[in-house]
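In what follows, chain A forms one complex with chain B and a second complex with chain C.
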Partner chain A sequence: MSEVPTTLTASDLCVDFDSRTGPVRILHHVGFAVARGQTLGLVGESGCGKSMTALALMRLIPPPGAITQGTAILEDDDLFAVSEDRMRDLRGSALAMIFQEPMTSLNPVFTIGTQIGETLREHRGLSRNEAREQAVELLRSVYVPDPQRRVNAYPHQLSGGMRQRVMIAIALACNPVLLIADEPTTALDATVQAQIFDLLQEVQEQRGTSIILVTHDFGAVAEMADRIIVMYAGHNVEEGSVEEIVDDPRHPYTQGLLRCVPTVQQGGGARAPLAEIPGTVPDPRRLGTGCSFAERCPRVLPKCASKPPAFVVGPGRTVACWLVDPEAQGVLSP
Partner chain B sequence: MDLPSKSAPPEALAPESIAPVPPWSETWRMFRANRPAVAGVLVLVAIVLVGLLGPLVLQVNPFSMVAAPYTEPGGQSLFGSDYLGRDVFVGVIYGTRATLALGVSAAALTVVIGVVFGALAGFYGGWVDNLLMRVTEFFQVLPTLLFAMVLVTVLTPSAITVIVAIGIVAWPAMARLTRAEFMKIKAREYVAASRAAGATNAYLIWRIIMPNAAPPLIIATMLTVSIAILFEASLSFLGLNDPEVMTWGLMIGLSRDYFLVSWWAVTFPGLAIFLTVLSLTLVGDGLNDALNPKLRR
Partner chain C sequence: MTQPDLLRVESLEVHFPLPRPYPWVARSTVLAVDGVTLSVGEGRTLGIVGESGCGKSTLALAVLRLVEPTAGRVLFEGTDILELAPRALRPIRQKMQIIFQDPYSSLNPRSRAEQVVREPLDVQNAFSDSERRDRVDELFNLVGLRPEQKSLFPHQFSGGQRQRLGIARALALSPKLIVCDEPVSSLDVAIQAQILNLLSRLQQELGLAYLFISHDLAVIQHICDDVAVMYLGKIVERTNRNEIFRYPLHPYTQALLSAVPKREPGARKARRKDKRLKGEVPNPAAPPSGCSFHPRCMYARDRCRQEEPELSEIAPGHIVACHFATAEGIATS
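Here is the complex of A and B:
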């Protein structure tokens, strides 16, 4: 970890939404780092704050939400402190984002060549012709077949997988150091999903791009990510390398999530019922002072009435759960 | 680079041929199938040509009294003459240019004010929306004809004041339509994607949202031209017009009192208005169907 330079260091990120009853905290002191050329997976259920974290890094939290605390150092800029003008320069050039729905993320009235070219013209000041040539090259690099002709196609003429390739081409146009992919394959079918992940990995190897992959799919992160952060109700509950999290989950929430990953049974034996975590993510307006997972946790303790700190259980490995409290070792270990 | 990679999709190896079809060709195909709309376009083109070329061919002052008063249609003056002996045919031909120019100018003013108000209100929302919509509602609740009459009277009747009066009473509808379109489209994911690629607000408004909001606004603009022509006729009928500019409305207004003695002096300019408004409406309808993605096959 230490030998690879860090691209982004976010710490103590808090996002609040104004409501009639006062501010509601959606993200609670989230922090993480992404190393150059590596992928960080943000995993969790719907509503756990992973997409909000991605939007916060872009500074695109929709009102009435706002970043109320924290820093995010991308190279030399603190993303949460720079001016709006500087932020606009950074978006699309230093950091780029791919959205979930390739079917609706492209503007239907312009050709894809125009849409790729616009980013280049805006950030690089290229002429119309130069931008077009670049667009063809970018389409070629994301393996869109026949790029010379596709550059003139409209979004509705492309399949979902092709559109997501175009989205990736737009995101890569200015060679960003950080690429945020918010559920990039959720809307695609499984074979196309694998192609898109292969493409992202290839891009990462060639360009040294750091990727933040937001997903609820543990299979996807296991394939793509180097490190994983598990989020729950706006908290960072467990962090570690992919192997550590997948092979040795320590937080009961992570353990529950991993049990929920469906597996294909060979030979058609008796199917085990799919596991689930009872309950849903709590309403952020009614979070108490204790552990936010306590009411769904199968191993809840009296101590869970107070919020667990992030215990460091190894190099770069933290777990926010009283079960790993070193002072309680022996008494509670399973 | 050309070698197949594991990242390449299978269809990369066998590129099927696609001919990029711009969305406009689809629209044109739909429009062409709508016969009334095509007829409307032909009539409109004819009217515009008459407006442009007619005065050059005729070379007569429409205000000059060339025939005996109350000359019946037919013979040397095709549409007859009015109570002062002015030729109605010449008036209708000269009136084409002024009426169209007036209608288009008033519609342009309506569109400019309405689209700017609606776009800003719909895009920014919040207090900007509140403020702009209260202003819009203020103008919307005024009785349109009465307010336009007051304006023209106060500002002394001239072509410019008539245009301004129509623009001021007609823009709120345009503003509300634009606002609704902007509110709908700004929630689309491609707007968020553009923002994430570093687009400024001005860019989002004019280059991303506007082209997508355009179809209903184009149709509304067409209809606004016909509304403006009718409005001008209403004002003229009440004597509120520029007496030095020959429009169809002016002709009707002047001959109003002599309708029973010389029906032709009001009927022919009236027919001209009817024909123009009808063809504008047919074209607007055709565009509406052709630009509506739900009706596409």
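Here is the complex of A and C:
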């Protein structure tokens, strides 16, 4: 880990939303690092704050939300401290984002060539014709068939998979060091998802791009990510390498998430009821002072009425759960 | 297998004519469902799996005659429901119900939860007023909703609870068959497990049969007894659950299986990418010649481009539509 240089270090990130009853905290002191050429997976249910984390890095949190605390060091810039002008320069050139729904994130009234070119003209000052030539090259690099013709197509003329390729082409236009992919394949079929993941991996191998992959699909992160952060109710509840999280989950939430999703087993496998996580994600307005997972947790303790710190259980491996408290080892060992 | 099937679909076709862009252009037709034959036994689950646009949802609707099929037969307990007049169809509708994908748009936002569940009873004029009220209580209990939630509106429920409401509505008239059209794909991962377990439990308790539509092979494997794989309006492979996951014979089924993330760290990097399915589902208004899968098939040969393969039984109970499929795999010479 240590010999790979770090692309992004975020620490102590808090996001609050203003409401009539005062600020509501959506992200609670989230921190992580992404190494160069590696993929960090953010996993959790909807409403756990994973997309909010991604938007915070782009400084695109919609009002009345705001980043109230924390730093995010990307190369030499603190993304949360730089001016809005500087941030505008960085977005698209140093860090770029791919969204879940490629139809709603592309502008329906411009050709895809124009939209890819916009990034190039804005950041690299290319002329209209140069930008167009580059756009064709970019489309070719993301394996859009017949790029000369497709550069003039409008988004509605493309399939979902092709639109997501166009989004990736836009994101890659200025060769960013960090690519944030927010559920990039959720709206796509499994076969197309596999193609998009192949593409992201190829991009990473060729350009050394760091990727933050936001998803609820444990299968996808297990295959794509080098490191995983599991989020719950705006907290980072468990962090570790992909092998550690998938093969040896320590937080009851991670264990529940891994168990409740059916996986394809060769030959069919046994047919037992799925393990359930009862209930739903808590309303962020009604989070108490204790562990936010306590009310759904199968192994809740009296101690869980106070918030567990992130216990370090190995190099780069943290678990925010009283069950791994070293002082209580032996009594409560999982 | 000796008892007659609850539902039998024979050579079902649903063709949608497209509007002509110009009067002098020939009309083209989308073959959404093109000659599908299948059957569902009492208390069993048949899964239909395929990519979006393969016609699986149209098939679900056509089986219930919510979309009018253009040809074929749909036999429910031996009666061809396509020949029935609307009035004669109504009593049969009690026995076949549907659960939709999106629990947001399939519930009337102005109806209270109680009314949503009660409506089928009112429409069919089943039971007296007090019996209907008791039935609603019973249904709420059955799907795991609390009685005090009866007076709430759909928007006051979470996605999983709304899907429970949709299930309660489908169960109101004690059906024998429920068509489940992607019932968990719009739900959160942890909620999916809750709903899948509920569906399994209801099947055991009430002896329901499911026609279960999904694009998710893991869900299909979890819940189905038999599986049919659809591609471009046709069934390309059909067999039981163990067989299809152990010996997938059609190249399309193999490709679908290989595209599912394996949840093994590093598995992706080790995997051979030439196994990957190329391209996307072709336009169903202009399907390819011969075998409709040939443009994406890694085994495609001249014969596949010219001649459409018939479904044939390659192994006992294992039906495949591929010229070169054998029980040992795809014949390569």
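Assume the second predicted complex is superposed on the first by the 327 of 334 C-alpha atoms of A that agree within 3 Å, B and C clash if a C-alpha of one lies under 4 Å from a C-alpha of the other, contacts with A are read in each partner's own complex, and residues count from 1 in each chain.
Just so it is clear, a residue touches a chain if its C-beta (ideal position, glycine included) is under 8 Å from a C-beta of that chain, and two chains touch if they have at least 3 such contacts.
This is a predicted model, so every value here is computed, not measured.
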item: Touched partner set for A:Thr119, first chain B, second chain C, both or neither; value: first
item: Which superposed partner A:Ile277 touches (first chain B, second chain C, both, neither); value: second
item: Which superposed partner A:His28 touches (first chain B, second chain C, both, neither); value: neither
item: First, second, both or neither for A:Val261, with chain B first and chain C second; value: second
item: Touching partner for A:His235 - first (chain B), second (chain C), both, neither; value: neither
item: Chain B versus chain C as contact partner of A:Val246, first or second or both or neither; value: second
item: Contacts of A:Ser46 with chain B and chain C, given as first, second, both or neither; value: second
item: Touching partner for A:Ala153 - first (chain B), second (chain C), both, neither; value: first
item: Chain B versus chain C as contact partner of A:Val192, first or second or both or neither; value: both
item: Interface residues of chain A shared between complexes with chain B and chain C; value: 161-162, 192, 195, 198, 201
item: In the complex, chain A residues that touch chain B; value: 58, 60, 63, 88-93, 96-97, 99-101, 104-111, 118-119, 122-123, 140-141, 143-146, 149-150, 152-154, 157, 161-162, 165, 167, 170-171, 192, 195, 198-199, 201-202
item: Interface residues, chain A side, partner chain C - complex; value: 45-46, 159, 161-162, 189-195, 197-198, 201, 216-220, 222-224, 242-243, 246-247, 256-257, 260-269, 271, 273-278, 280-281
item: Residues of chain C that touch chain A when the two form their complex; value: 51-52, 158, 160, 188-194, 196-197, 200-201, 215-219, 221-222, 241-242, 245-246, 255-269, 273, 276-278, 280-281
item: In the complex, chain B residues that touch chain A; value: 1, 5-9, 11-13, 15, 18, 20-23, 126, 188-190, 192-200, 203, 207-208, 211-212
